[in-house]
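First chain written, first letter: the chains are A, B, C, D, E and F, and each begins at residue 1.
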């Protein structure tokens, strides 16, 4: 598979206003008040250098905008040539990007650049593994709100780079009715009615379902999606049948206990989306290095 | 082991000024401009509720200040009773904290609280696993600068909660001379001389060593620590012997390819510190839940 | 009508994290570096005072959280008793809130408190006028993204207080396909296909329609809502009929050239939502005063 | 009247440090964490486009720096050619600026650019109407502190673009003694004495006057300006005569109940300045569009 | 002189919104990511302590709000009893404030509290020395814009605590016409005319004068103040006579080469204000200590 | 001595991320909401100018990055040619830098640029005086944490430009055990043990010593440095002998009551470092001017 093959048809959007702020905050965290005291003491201010970011393990790349911004923040004249597109697959030893600029900037920004790139590529890589595991089933892999505080925009972007789709970005952009909401409202119908009354017409409503009995009741009300949480495969299949029989337009999502070993069977049960918290809360970093 | 047993003799310090800012930013990220549209539409503004944070898996707790601050930010009158101290071990089902307050606040802050607590507890748990693996050897487990951008203060704190120690907090608080610095200076002695000249007398100098020949040269100069990177066990033992013969006051640190399977042998080679990037870049989250 | 009558069944949510930041920024803007030089020179630091916010014109109140936060920021011990709930109707001379605290704080925060409260109440009042004009038609009044930079969360909240509903909060929480998108994609079907592929399953898709011919084509593709922009009443009615015949679940929204004089006829054409930019971009302030 | 005619002799100053921060905050508000999901899904990342900002109604332009900064923030290479200067008059259909750049940037920044430009141009337009209404009288139109929280610098700038002048920017840059100050001090003379003692020699003192009797007393003390609030025309004329007889150097300002219908008569009563809160708190937006 | 004697009749105003932000930033600067590692390792988290701020040298106190806020930021329950009012004189050994709270908080906030208090008290002390030197002359001591970046509000407040008055707070609150402005305008009259046209009626105009000839010309135009820069005593006296003869309402300010040795003679030349850059740019700190 | 002679062999590092933020904040402080109202009213927007920064007194230059950033923030096209390197010595009348750009930008940024440059150069100049006074003794001059809140990074950098060295940057990067810590721990040995246990292996431990008896006890424990506070010369010499006899690797620092008159004798007592709070808390500004 060539790099071009895996590139997104249209690059998933990452608001540029977020990149600069995050990179500056990360550099401030690493440089403190004294800066890179090793490099500043040893490397001449005008020395230049070339380096390359290379993959140590196979994976999917995400976060080059952030890595590039880290070098650029310390050397506005740095030249970065990307050898892999966002969402591209890399193999051990493969060059991800070539970088030329002031030696101090390259050394001082290295860790921040790799911390962003490695973490996001780790998420994209794990997402791709899940996405590949259900290839051909018609289902999609989704992330959750179990993201790293402060990095949600970037982690949800990395999920898209890995071939996944995004669930809610926050508590604000879709309604997800859970047990406690239903209990407080005194029933799923009343909860849906209150929610629909409080929100705009461009907001969807999803209801979390633990048991088939709940599903039956929920389907009597106007909803856009159901989240089947922690159901066994048999119940999943029954739930899919119930929903499909009721309406072809309700999205069916499964969550809970999803692993690379179980995800295909879940997808084959007929759900449209499978959300996996581990994509963002437990993905190991992709091992990348900066070689001078 | 009781909770009291595992509590730190004196709680590791977490600057309070950082906690509030991080929690507010995370809440802003999750609430956006519209807030928790599900909860606000369904739950009455004056309803109150009780909940408890409980462990789903065994692990070490870190980050209760952040979790508590999340609930308090949305309900200044919330009551939180901690059932486990920072650094305490928990078992599946064990209650970590009891929480009472406004129902809306508990529901809307839940995810932010758990995202912080689960992530930091995951780091503390993995750190404890490494620390236990080398118990009795006299060596210590250290973190690296491979932390999540924006969360370094918290992640390094979690390492301390797990019984580990902190390496540099950034590029600013200690000198670490690597290959590129030595090459630019024209030799390890010149690099050390330049570094010592540029820094204050309360800053330590560590030199990264890949081969025994480098070590021999480095020891001819006044340094505080050596970082033996990616050496085999035989070379590690030889390096320890060389350093010890030379001076009893140079700290010996090992890094590279450290796993739970290899860490004890590395510790038994006689090093004082073993740094493990995975503590912060790849620790899986500790599974915790909020039960109403 | 008593205050209780007009109170919202459940108060529309305003993220508390936003209120404090906005009020502090507004106070900083008004106090500068020297503070309220008139008051500080003339009023003793320990003098206390009582005042009341009173309506000069009839209207709907929105923004009491912000007003109260302004006084509290300058005097943490201030006592504020609200005489009207958010969304409540007031008549000329009616007391909105009683305030007791340090005299300096009341005088120095007065303008910031009234600037927020007057502006948001102005929006709520205009929204209520539109909402009342279409009462009984089954349609809802919506805002747009034509809000004051920096105040969107508050202005959209004020629309809810006035009995309106919110359209998109930003470019991020729903898809709205316009002419330029359709032209770039090479057709409405392709635009919808690309959008659906790029977004999550909890995001709705709306298509803006200028002419009936476009509508016919759009309805051949899976969409959640149509925005009929600047259509005459006859075309509106035809469009409503076309959509309804096609599917009962597509939301029909009208926009463009909506005034208090035309809005009822538009609603009676059968649309579900009518969006009015003037609610937020041109609402006159509600005249309120602080009387000592 | 040509564009050149209406341009300010020297462009009124708008601190450039404020523009960038306000525009970035507004873009962050509109783009959120996911960005412009419609445009990013449909428009290719490298597509370019041309567009023009055109007036839909007649008015006075203010805020081009902010509009231009919005496009530039999303595309540093954008080309903007202004066809009207700040403070210039436009007629329906007239082009305000031509814009060329990346299509995604133009579409995603459009609303933020127009929200700033339309709002400030609305203020400039209303200011110009008031200024024109009193042309030849020698009086000037002033704004107040009844501005939108967060936008005061821009709104006061827009007033200058419309041919008006600025009253105080905040509580910090001039003394305005009101009823409550006089009551607390125990008399207007004592209030003036305390104020003068507490402030620097480059700060002016204005006293608000409701009745002619107060004016008489105030004139016995050293003041720089009087604000005649809510006086009838007869009293206004008498007050002007009293002040002028007393000293030729005291500025006379009128406020309260000023409309386009009454403003000329007030000016002809002989005051130097007329302050109008509506300029900033109730100006309708100027209708502008971005045409591709 | 007792403490009560020197206290300000009404405390000079310091916007409370500025204090908290400045103190938090200073604590963040001193605590970094790791916090007070000495104190956190040695002092128990629940230990309490008493301490007192005492003067080591005589001087005038300014900045207690900031010092108190520093302790409170680390221990919300801290008790601070002030033994001296702002602007009060202290003698060596005198207690300024008693403090009781958590031992960690007292130790960790000590330096930030003293850095603010010592610096501002140093400014107040130097100001008082200048003010005392001209006592009885009717002239006032003023500061300039030569302040520490970021601390202007506090330093100008300290000048007021020391019995001085404030000159402009920035470039925004008064007009000061200098040589370059006059040259660019083509004459002092034209410069004044342009300035008056561009500003509001509550802004004063001061003209900087180097030579008597310039003064003569300046007095022909409507100005509020003259700044006589670097003139000898003879010229100063002549200038004062010229201005006084012309009008009794123009403020006469002297600046340049002012020392404690020369300031009285300058005052006795008849000027109203003497501005001294050294008050804020070169005042030595007042030596204060925290004794446990 | 030529400028080249005094330039640092490798420029001391100043994190570029800090410079821009500090300069923007300082400009915001000086420009407020209205900007430079004098310059904007009088100087044409497109006028250009040349100016030069010149020394009025002899001294050492530090802070050119900040000065240059101030001009650049208001005119991105400004050209600045430095005639002296950071750390270079200047004599009265000597040109420090030539500046060409928009006249408005040069006038409006002048004070901010000089406030930074004058203050930091004042610190560098005083540091150089101390450093010269002990030339040849082998000791180094150090700063303390008695810095201006918000400017620590810049002031410690200025100390390096003046030939001094930095002590701790904050409470976070080295352990300094004082009386209160020892008392709380119940002895110096226990305090050192607790500190060592709580910190990483790259952090040094220094103990503050008031009396020789304390020193004896401290030397029995593993420490990196001693701070001899306020000792007489005889005790200093004895302390140096005690430490040297004990170990050749413990850094000996003296502090307290250090003046230009006493510093050489202290250095000749054999200490390695002398810390001087006055470098940052009481250095008079270096007098610099901007000549057009």
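Simple rule for what comes next: a contact is a pair of C-beta atoms (placed from the backbone, for glycine too) under 8 Å apart; a residue touches a chain by one contact, two chains touch by 3 or more.
Treat the numbers as computed from the prediction; the structure is a model and nothing was measured.
Identification of common neighbours of subunit A and subunit E yields B, C, D, F.
The set of chains touching subunit C and also touching subunit F is given as A, B, D, E. Across the two candidate interfaces, E-F and D-E, the one carrying more C-beta contacts is E-F. Residue-numbered contact pairs of D-F overlap by over half with those of B-E, the repeat interface among C-F, B-E or A-E. Rotation angle, subunit C onto subunit D, C-alpha superposition: 180 degrees, expressed as a multiple of 5. The chain with its Cα centre farthest from the Cα centre of subunit C is F.
Ranked by separation of Cα centres from subunit D, the top chain is B. Note: centroid distance subunit A to subunit C, computed from Cα atoms, is 32 Å.
Centre-to-centre, using mean CA coordinates, subunit B is 44 Å away from subunit C. Residue positions 10, 12, 29, 31-37, 39-44, 152, 166, 169-170, 172-173, 194, 198-199, 203 of subunit B each touch two or more of the other chains.
The touching residues of subunit F, when paired with subunit C in their complex, are 29, 32-33. Across the complex, subunit D is touched by residues 24, 27-28, 31-37, 39-45, 73-74, 104 of subunit F.
Across the interface of their complex, subunit D is touched by residues 22, 25-26, 29-44, 47, 49, 103, 107-108, 111-112, 114-116, 118-119, 122, 145-152, 169-173, 175-181, 184-185, 191, 194-195, 197-199, 203, 277-278, 281-282, 284-285, 292 of subunit C.
By the touch criterion given at the top, residues 10-18, 152-153, 156, 166, 169-170 of subunit F touch subunit A in their complex.
Residues 10, 12, 140, 142, 160, 165-169, 172-174, 194, 198-204, 206, 224-225, 249, 251, 253, 272-273 of subunit D are the ones touching subunit E in the complex.
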